[in-house]
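Read through the structures below before going on.
Shared chain: subunit A. Partners: subunit B in the first complex, subunit C in the second.
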Partner chain A sequence: MLLETHREAIETIVGRYASPRSAVLPLLYLAQDVYGHLSNAAIREVADILALPETAVFEVVGFYTLFYSRPVGTWMLQVCDDVPCCYLGAEELITALKDSLQIKEEETSADGMFTLQRVKCLAACDRAPVLQANLDYVYDVTPDKVEALLKDLQSRAADARRRGVSGRFAEDFAVTEQGAVELVARDAPYQSRQFEVQGPPPPPEPLPPPEVESGQDRAETRRGSPL
Partner chain B sequence: MGLSDYIIMRELNFPDINRFERYCQVGGWEAYRTAVKEQTPATIVQMVKEAGLRGRGGAGFPTGIKWSFLPKDVFPRYLLCNCDESEPGTFNNHQIIDRNPHQLIEGVALSAYAIECHTAYIYMRGEFAAAALTLEQAIDEAYRAGLLGKNILGTGYDLDIYVHRGAGAYICGEETALMESLEGKIGQPRLKPPFPAVAGLYGKPTIINNVETLANVPRIVEKGVAWYRSHGTEKSPGTKCFSLSGHVNRPGNYELPFGVPLRELIESPEYGGGMKGSRPIKIIIPGGASAPWLTAKHLDVPLDYEGVAAAGSMLGSGAVIVLNDTVKAPHVAYKMDEFFKHESCGKCTPCREGTHWLVKVLHRLAEEGHAEPDDIPTLHGIYRQMAGNCFCLLGESAVMPIKSALELFPEEFEAIIKASNERHQRNGAHAIPLRVS
Partner chain C sequence: MADVTITVNGVTFRVPAGTNVVDAARIGGISIPVFCYHPRMKPVGMCRMCLVQVGTPRLDPATRQPMLGEDGRPVIAMMPKLQTGCTTPVSEGMVINTESDEVQFAQKGVLEFLLTSHPLDCPVCDKGGECPLQNLTMAWGPGNSRFDYNDKVHFEKPVHLGDLILLDRERCILCARCVRFQDELADDPVLGFDNRGRNWMIISKSDPPFDSKFSGNTTDICPVGALTSADFRFKARVWELSSKPVVCTLCPVGCNLSLDMRYDQLMRVMPRENGAVNDIWICDKGRFGHRFIEHESRLTTPLIRKGGHLVEASWDEALALVAEKLAAVQSSRGGSAIAGLASPRLSNEDLYLFQKLFREYFGSHNLDHMPGSAADVDYDEHGALMGVGKGTNLMEMGAESLVLVIGADPEEEAPLYVLRLRAMLERGAKLVVANMRPTKLDRSATTRLYYQPGSELAFVRGLLRAVFDRVGHERLHLKHSGLEQLRKTLSDLSVEQAAELCGVPAETIRAVAQALLEAKQGLIMYGAEARSAGAGMSESLGVLAALTGKVGKPGSGLIALLPGGNSRGALDMGVRPDARPGYAVLSQRGLGAREVWPALREGRVKAVWIAGLDPAAQLPAARAALEAADFVVVQELFLTATAKLADVVLPAASVAEREGTYTNAERRVQRSRQARQAHGEARPDWQIIQGVAQHLSELSVPVAVPTQRVEESSQPVGGKGKSKGPGKTTAVTVAEPSTWDYLTPSEIAAEIAERVPGYAGITYSALAATGQGGDWGRQTNEAIFYDGTNYENSEGIGIQLPNLIEGQKTAVSLGLRPLSKPAHERSLLLVSQSLAYDGDLLLRGSLLERQIPQPYVALSQTDADKLNIKPGDTVRLDSAAGELTLSARVVDDVPAGVALIPANLPNFSAAAVQTGPRTRVNLVKVVTG
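For the complex of A and B:
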């Protein structure tokens, strides 16, 4: 039960809002990552925790596309098929994925590893075609990179299970020219050519370190939260 | 016309600007420290008003004016930062956060101080799982430095900032739907008035600003109104982070002063670098999926709110999608309206039914090539029943792609109808397929 395993996290989340009902989305994410998908029992559990009518939580699960009320694969592959992706290779990418996985959209591969979905704009139109694997971005993924991508994801199945299908601990990945998948370190700023400008400015004088006053305790509790 | 000093993408090439200490080394958080210690909230509001900062989320409404709609002495108030960026073609919020989360957090904190609120939420679309984590880590750093929390810098001012993830619904970018979603409900818009500034989140006065808007605030406060107004145009001061995508050589985010001609963004080797394979431009969508289309003859239109409006479109979110002559206008309209159909929340009939029927007809016509002789009047009829009748702007936006396509490229619809009639001799294949989806 979530209240037994994640009580501290749940209390932290609920404490952020003036009304406990606001915690529905974060708690559903938590339940989904713990149970793999949102079964009826899981949805009722969230309703119980927040003392809400069941229907209030069921309708939320039905409305938002990132809540899965049926079992899904270890990796949720969500490919953008919107403009402009669809004119830059998204359809070819979806075909390649379907052929390789022997499934159609909204289906899960026989080994339970991958579920394929078409989704609407993922807000990375400059790196089209683009997909998300458990909400990790994979940019510039042309059909010839599909095999390498699937192989890499397969080898990281344990990682995917640990982080959950809602991508709470997502990192960025990029496919290299050779088709290998590379982890883009979180510390690196978004690597793209458009942010380059000529001639670096002289580094400014470092300022004294910021004074630490209150807020210390607060930060400690926040760090312990799972979201 | 490059910029010597960026506002939204400040310190572009300062390495590791996304780290708290590094951001502080280039003057980050100074505007906020000074404001909280020495300036009154009203001073900040006045500065933002005088700077002429306009909302970057699409409507271009003056931010300072919006803030001044808050009723006096009604507390608590809330500040919501809208990061539900989901419209085809828009992709700058995500990159602003990835590149420099602290600037946004400072902007949120400064704005919260200005409107005298003690709780701010950053509502992010659910797909931005990584960016949410980046922001949470950056917010933690600000808490540790005593810049957020209780009794900030010994001034007695309290502020908490929380990241709240949506779960995959474009409609939640509509401000009242965003508040519904934040209250734990399905994201359906509310009737206005009352406007959020009067009765918003939990019925309390609430201000909702876009990520890019709030990222401007630290620089306005730090460098002053005159400096800010030296960028851009008289009516659209400052810079805009244009998201360029489609069939261009160098798609990406480019921060440019308002007023730069469309041609420069698309063709300059510094920015778009021209069209892929030098193919001709067919369709330019200058402000995200909901903007009426422009064509190659509009290349000299200046990219500011007034200039794009004068050309018959809107600057919207500054998402410029450029498509070449390989695309078919009816198909682009189909894909765009499929987006709106998918994202329609189902609250009002014109949008829920209208988007479905548009997509049904357009799918048959553009995707399968089965057209009825009267498809053009049918399409006109559907969007006319939507225009002006929808509950919120989503439905109104869905009208734009099909209206633009019919206006600009009627011959493409006629050609499909002609070919279809010759091929099928009305054997029923062009009936709207009843599909379960």
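For the complex of A and C:
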């Protein structure tokens, strides 16, 4: 079916490489964009087009986390929960997204519009918190901007469907203080996140000292072991 | 390659350059533990178990000479980190430490990590007792773990990788041995890894899953109990098993097997190493296809027809009846009214006695080892006459050798050859695969070509002409006749004309001919499809081997893939109407199976004795003939369709319940031992034959002295008590009254060694020699690392027969029969495809039964479009013989003009349409309703 609907694109992609095997990633992205996710049938189709052993293509899909082997929403939201983002409110952002969409991580909203995922560092710590929507970077997403962001994304659903979930044509966006989602041009000069300068925060309460962990001496777990 | 000197743990010794550190240390008797490394596969360094300290002499930058220290010895620069021994090749002066604290720390660490996810369910694990992980943990493990037992990951299990192999994810240590075996050795890349990190797991996504004829081997090489077979899983503990050495009779490779028995029960089948036959592997047919031995439907007592029913009888009663009836037929109608058919799965001893009884007692040459179908092919003589030279070992062949596989699908006909040919390729051999349709071996071939359906003879003639044009007969070192005739035949057809007939470009034909001439060693392997083109094909291939000088020396000659485990033995033993043992042609031939059926109906033959064949299941003509026969005796494992028509049914012992020798495709005679007690009252075939003979002598039936004499054109049969008389070409008559008192099959083998040309010296004691069977199991502590795979072959590796041409006593006839013009009265060529998993009775009760396909006819897309046929449509085939209705498949691999049907399926026969090994048919879609 892909060959019938996208023959030209496939031929262009395959033509770029010396060996058909090299075209496996771009073709999988194409298949994922066309079908919304990679079903077993879609993976077999790619294997068939490239004359590769089916298992080999399944291996590739299984290895990379950006191939979705189950149906996902129109927008795949991948929120960084690594350390710098965390300091700047990633957990609060995720909570806000979950509340607003009424879903948990790895779930898709009832209207099929959004799927939420936690991911690790997206390499944009200077504009934290950051998330990807179908691999479009969205910078400076503080929890209070969630509603504005979701609304904006919803309004661009048709565009998202056209471009596909794989993010082959991904762009950069930033959320302004006013909650507007603005495209950041590729050649725009570097701009770090603008912070409001506040007074120094009150000193944190001292944490209680951690319990001493001594591995094998944990009596209760030793009891649980048949050894 | 030159040797290099290395020092391991302070011991200095020499090893071949290019050896990796693991193998090199083992040469010096020092063990380095491994999991992922396997000597038959490329190293990958995945498991990190083989970490060692490695240092090399420091070189002076100016002189490139090793720098010497104050003590006058080379300064050793140790590598800053531990190295994986399996991926590090040795170099001159290398110093290796395998026991230092640092190495031990690393080994303990690796094992501690491997065991973090291991379930430690050894008490219920199939691998327990022969598990490298157990062994290595005992020897190199930490003894204690810092990981919390309750933190072990748990997965759903087992995962069915396929019908036969199951995966336990918790036990898997992710060494990829199985994946690499499938990719590198079997060329069935059907296994892979899904996910990553802790969730890494083996998957198989082929259709059907784990689609490989070699899948069972992955359970052997799995260093843990992660892969288990559905056939053996949870059946027995390995230390309860005793391994009995037998030979596989399911195909002409003749793999060495161990039947692992618990008392008298077959628990599993394992490969037994034989470098010259199966190395350390076996195919799934051999591994899983031996459940017939204990099948509940085995015959246990003799049966005699009384009042229309088969009723149980004693052996004495049954044998006396057989002798009486056959003697009666002989005295009233002569011995030629008796016919005998014996299966090519019987041992040489059985087959020899069978023909001996017929020829000596009955004076009858009505013998055959084929079922008598129209599709039976001509007897293959060139596979023996020009067979591979004595001393051929595929394991030792590589660079400078070429294999031409023509008209054969080794994966289906003799699966293990796929592994052996691929191993040769790995060592640098060339592989030319020529077929009318693609086969799996094409993927490995260095040259693959497809001739037009039915034009293989023209292709070979083209090759012959190209060879002749280049070297004439200068490489022909055999005694020969008919050179002028050959010259003339070849001059009639130019390479270009041949190219046009067969559709292979003339330059390709010339290139293949050139490659065959240039190769030092050349093997020509041909199979069912080549043989279905008639005897002209093997004859032409024989001449091709002769003209290119690829005959009569080790590593060169023909390999014929014949059906069954011992077709070559049946031919050698003369179980055929037109030749005595040793291809001694008879001037007056008897009736072959195909002629026996009409003769039975017409009353020219009155009695027939069928050993191990089931013609009635496939052939309506045979069924009618058996119904018309006066007396039918069948010796079989099961109550087959043929046995149901018999007057006397004699239960035969299976290969596991008796001793015997079998001759494989490379003419290697191998001895199989008894693995279990007799099944019920079943007796070995040779004992049954001898029993009848003894009863016949009690009836004082005079021994019929054969009147036929051995013709001069072939090799003479040696007289008793003499070795083969070299150069003796006069006719001999074999007429030695026998006492028929063989106590053991070894006595029969001794007689065969005396009487059958080529078999001189093939005695049971000689067959027990192990020689250089391979190198498996002979290295330091190897059992620890490769436990559960395969063990040293202590029971004999067999002896290869010299081909009949080697003695130079037989002149090769170079005359070729003319190319026949293909008839085109019907549009399609109906070809039977041999399948590994077919209706073979021996697959009864095995897991492979599920993989036997339903009958179908496969067509090319071109023909399907032309005839407006879609997959699944019902179609009718009609030929000169009759009609047949079948379901159609449309398959890419079938060339236009061919209709392919699987051969020998259960409950299906194409006999209605077949006019020969190949049949011209028309095909139409059946419109129902």
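FYI, the second predicted complex is superposed on the first by the 184 of 227 C-alpha atoms of A that agree within 3 Å, B and C clash if a C-alpha of one lies under 4 Å from a C-alpha of the other, contacts with A are read in each partner's own complex, and residues count from 1 in each chain.
Heads up, the rule we're going with is that contacts are C-beta pairs under 8 Å (C-beta built on N, C-alpha and C of every residue); 3 or more make two chains touch, one makes a residue touch a chain.
Here the structure is a predicted model, which is why all the values come from computation and not from measurement.
Undergrad: Let me test your reading of the model: by the given contact rule, A:55 touches which partner, first (subunit B), second (subunit C), both or neither?
TA: Second partner only.
Undergrad: Touch check for A:63: first (subunit B), second (subunit C), both, or neither?
TA: The answer is both, since A:63 touches subunit B and subunit C.
Undergrad: Figure out whether A:112 sits in contact with subunit B (first) or subunit C (second), or with both, or with neither.
TA: neither
Undergrad: Give one of first, second, both or neither to describe whether A:84 is in contact with subunit B, with subunit C, with both, or with none.
TA: In the superposition, A:84 touches subunit B alone.
Undergrad: A:71 in the overlay: touching subunit B, subunit C, both, or neither? Say first, second, both or neither.
TA: Neither subunit B nor subunit C is touched by A:71.
Undergrad: Identify which of subunit B and subunit C touches the larger number of residues of subunit A.
TA: B
Undergrad: Using the superposition on A, tell me which residues of subunit A are in contact with subunit B and, in the other complex, with subunit C.
TA: Comparing the two interfaces on subunit A, one with subunit B and one with subunit C, the shared residues are 56, 59, 63, 215-216, 218, 227.
Undergrad: Quick check: in the complex, which residue numbers of subunit A touch subunit C?
TA: 40, 43-44, 53-56, 58-59, 62-63, 215-216, 218, 221, 224-227
Undergrad: Flag every residue of subunit B that touches subunit A in the complex, lowest number first.
TA: Touching subunit A from subunit B are residues 2, 9, 11-14, 16-19, 21, 24-27, 29, 76, 85-91, 93-95, 98-100, 119, 125-130, 132-134, 136, 139-140, 143-154, 160, 162-170, 181-187, 202, 243-247, 250-254, 271, 285, 289, 319, 321, 323, 326-327, 332, 335-336, 339, 342-343, 345.
Undergrad: Once bound in the complex, which stretches of subunit A touch subunit B?
TA: Counting only subunit A, the residues touching subunit B are 16, 18-19, 21-26, 28-29, 50, 52, 56, 59-60, 63-67, 78, 82-84, 86-88, 119-128, 132, 135-137, 166-172, 186-187, 189-190, 192-197, 200-201, 203-204, 206-207, 209-216, 218-219, 222-223, 227.
Undergrad: Where on subunit C does subunit A make contact in their complex?
TA: These residues of subunit C touch subunit A: 120, 146, 148-150, 189-196, 203-207.
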